[in-house]
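Letters A, B and C mark the chains in the order given here, with residues in each chain numbered from 1 onward.
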Amino acid sequence: MKKSTRFEKIYLGIVFLLMYLPVAVVIIFSFNESKLPVRLTGFSLQWYQKLFADRDMQEALVNSLILGAASCAVSAVIGTMGAVGLSRIHWKTKGALEYISILPLMIPEIILGMVLMAFFYMLNLPFGMLTLLIGHTVFCIPYILMEVKARLVGMDPSLEEAARDLGATSLRAFFDITLPLIMPAVASGSLLAFAMSMDDVVISIFINGPRLSTLPIKVYTQIKTGVTPEINALCTIMLAFTVLLLLVYSLVRKLYRKLR
Amino acid sequence: MSDSFLELKNLKKSFAPGEDVLQGINLTIRQGEFVTLLGASGCGKTTTLRIIAGLEQPDSGSVWLEGQDVTALEPNQRDVNTVFQNYALFPHMNVADNIGYGLKIRKAPKAEIKKKVKEMLELVQLEGYEKRKPSELSGGQKQRVAIARALANNPRVLLLDEPLGALDLQLRRTMQLELKRLQKKLGITFIYITHDQEEAINMSDRIVVMNQGQFEQIGTPDEIYNHPKTSYVAAFVGNANILKGTVAEKNGHHIKVKLGDEVASIDTEEKVNVGENVTVALRGENILLEENGNLHATVKEKNFAAGQLRVLLTLPNGDEVTASRFGMNADIQPGQQICWRFEPKAAVLVDRPKGGIN
Amino acid sequence: MGKKSRIWMILPLYIFTLIFVACPLLYMVALSFATPGEVHGVQWIFTLDNYRKLLEPVYLNTFAQSFQLAFTSTLFITLIGYPFGYYMAKLPAGGKKKAMLLLMLPFWVNSLIRLYGWIIILQKKGLLNFLLKKLGLIEKPLKLMYSYPAIVIGMIYVLLPFMILSVYSSAEKLDWSLVEAARDLGAGKIKAFWTVSFKLTLPGLLSGVILTFIPSMGLFFIADILGGNKVVLVGSLIQDQMTRGNNWPFAAALAVIMMILTTLMILLYRKVTNAKEVEGLG
């Protein structure tokens, strides 16, 4: 009974094919000589050259990288500390806090974006890197919080107790035992958060301000104006970058499994 | 002071209102003693151990170690180390780092740590395992490392929380002997937790039987097994049958007890009066199925387990008892009427009011 | 007991969450009852006008359109995603691993890039029209872009993995011997599926529906890129009111309604499945 039939395998194959078709099209035509994305005329790197010459693009890329790294770092610290704290404290407000901090994942992105925009405006915060950083941290924290929490659930509480029993202070036991053991979860959560930050359009577009642009926003505005081979090239680069991130992620996972 | 090396005074603990885990326990342990806390899960034995280790604070009462009140001290400030139930080996450290962890915290020189680790590994017969990761060890090896790690700190008291619980029977027997050997060699006080009466009897100098946050009986294995004080101890440690009866006759230490309509002879040191209701504990192997027995029963069931034939008997008064004997030959069938008896010395009166011994 | 030392660890999360998640959401609620300023900004005069405005036919129509689109998309996603997740759970262990990787990979790729690929395929002078013409199936290029079907394709494309993952995670836990038992007891293949497999994977299906239905009301950029403003979604409306329309209180009211709908769906889901958390989220 539990055996895949040929039909089932073909079905899976077709859906996967459709899933990857658009991505493949983007990559293939980014190396195409012709400007029109219908016929393959020859191999060319000209669109990449054009892209790299684009000052705006470079700036957007740098912005995205800074933003991704910063929001990822801030949320890694807050999220990890929070997850560890939550696992040890039994306050009545604990459940509510946990719910509110994961809320950014549950509510539609657009609402989060508009809410933050209105709120920052009320606070008189200048729209730009700072508002983007806060906004991205808001939706990055849940990823790290959930990953670390899951790891802590699987962790034997007597490990830290054993360290204290052997003479370590509470703080020392945390740094010697708990932190190294949850580090893989922190790392994979951070990578996930980084990828989400590099991917975000909806929230960023509300809070980026008039001058600052991130890579996804740039792609968004360009796509709206029409198809150009430069965007193909840009998308391909972002794809390559994602694959690289994934490789790092799976490496971290492997390390994590080794530790267990 | 030599008699009370470690002392627990009136420890009370509850995790939820109305649910007392410890109801005021007192215990005095001598230097170098092997004491076992024996009880079913949830009886409070682990909580007692955690309070001694400092991992849990009692609601009231105190813990004294060598005449010093250590109740308020953090676990890292006590000369007490624990072997945890699931070993709690640090998975990201190798065997040597695990064993040397306590010394490293005390900022011992590297050479000294290395020497001590080697010494400890020899002690638990795991020479050459320094570089192994816990995940590469078998259950028994993990157990040895956990013991070595706890002993490396030269504790005054070693606490062991069901350390053999996860091992198979064969290994458990070997480790029992080994632990006993270690304890004798090192002369350290061991406080051992288990729910396995066999383990407790094999290893301990004294056994503390716990039930629902209280001590039922404290005594040597012989006292606990052969002279249980309560029906709980008799049933839990000796798998004894508990019978209710009335004293019918008394002649010095010899009494006759009415069990329903039948009468059995019992020898006891207890002070009893004729007409008094008594509780009798009788272990299964002491029930003799013999034709000349003065007691009667109906065979309800028979089954074979752990090398013993168990015969469930229904007495004329409706009580049920289990007789057990080695081997599986017994020419009896369910439904059959049989006769049985027991030696007067084999039965024990339990649940006596305090201070009633002659 | 060392427990005190944990309190400071939780403080940053507490403070950050209260200031930047709880406060903004409360601010949104407050804003939805405020009066919009003449040209820009907000006047703090209590009013229910923003909610009354929602009842105007134009906006009711927006909600209806949004719902219709969300419904259509979710329907297609279910039809494609449910068998997919179910079949995937039947693969051997190695196949499962590979399929999972293939499924997660696009998940990591910027959804814009993936949508962009569809533009290349669907546009007037695009790949699909080119091929169809070459094959002689059509004379004139079809107008595929900036249409309702294009938006639905985009929605399906972006949200399908969510459905697959949640169906898969519940189908994976399915005890296949139950299906065999049902067949053994005389149920036909289809009957066995409906009475056993379907029933047991229903929680996954429902969480998939929620995970796709809610976002499909808010993913305004899909409607924007592929639909070219043909269909105005609630999301598009919010964005429009926040940026061009400058009517923040009205946008807030829209958002409050959407939040309520979202919450209701999650509550409904919990009621139906008795589950604590939406499957596939963790």
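Everything below uses one rule, namely that a residue touches a chain if its C-beta (ideal position, glycine included) is under 8 Å from a C-beta of that chain, and two chains touch if they have at least 3 such contacts.
In UniProt terms the chains read A = ABC transporter permease.
Bear in mind the structure is a predicted one, so any value in this text is a computation, not a measurement.
Student: Of the chains shown, whose Cα mean is nearest the mean of all protein Cα atoms?
Tutor: Going by the distance between chain centres and the overall C-alpha centre, it is A.
Student: Which two chains have the most contacts between them?
Tutor: The largest set of C-beta contacts joins the chains A-C.
Student: Can you check how far apart subunit B and subunit C are, centre to centre, with Cα atoms defining each centre and the answer in Å?
Tutor: 59
Student: Using mean C-alpha positions as chain centres, tell me how far subunit A is from subunit C in Å, no decimals.
Tutor: Roughly 18 Å separates the two chain centres.
Student: Please tell me the distance, in whole Å, between the geometric centres of subunit A and subunit B computed from their C-alpha atoms.
Tutor: Averaging C-alpha atoms per chain gives centres 54 Å apart.
Student: Scan subunit B for residues touching two or more other chains and write them down.
Tutor: Residues 74 of subunit B each touch two or more of the other chains.
Student: What are the residues of subunit A that contact at least two other chains?
Tutor: Residues 164, 169-170.
Student: Quick check: what residues of subunit C touch more than one other chain, meaning two or more?
Tutor: In subunit C, the residues touching two or more other chains are 2.
Student: Would you pull the subunit C residues touching subunit A in the complex into a rising list?
Tutor: Within the complex, subunit C contacts subunit A at residues 2-3, 5-7, 9-14, 16-18, 20-25, 27-28, 31, 80, 83-84, 87-88, 90-92, 95, 99, 102-103, 105-106, 108-121, 123, 125-127, 130, 157, 160, 176, 179-180, 183, 214-215, 217-221, 224-225, 235, 238-239, 242, 248, 251-252, 255, 258-259, 262, 266, 278, 281-282.
Student: Once bound in the complex, which stretches of subunit A touch subunit C?
Tutor: Going through subunit A, the ones touching subunit C are 1-4, 8-9, 11-12, 15-16, 19-26, 29, 36-39, 77-79, 81-82, 84-86, 88-89, 97, 100-101, 103-111, 114-119, 122, 134, 137-138, 141, 145-146, 150, 164, 169-171, 173, 195, 198-199, 201-202, 205-206, 216, 219-220, 223-224, 227, 231-232, 235, 238-239, 242-243, 245-246.
Student: Quick one: which bits of subunit B touch subunit A in the complex? Just the residue numbers, please.
Tutor: My answer: residues 53-55, 74-76, 80-82, 84-86, 88, 90-92, 101-102, 105-106, 135, 149-150, 153.
Student: Spell out the part of subunit A that touches subunit B in their complex, as residue ranges.
Tutor: So the residues of subunit A in touch with subunit B come to 156, 158-159, 161-170, 172, 176-177, 180-181, 259-260.
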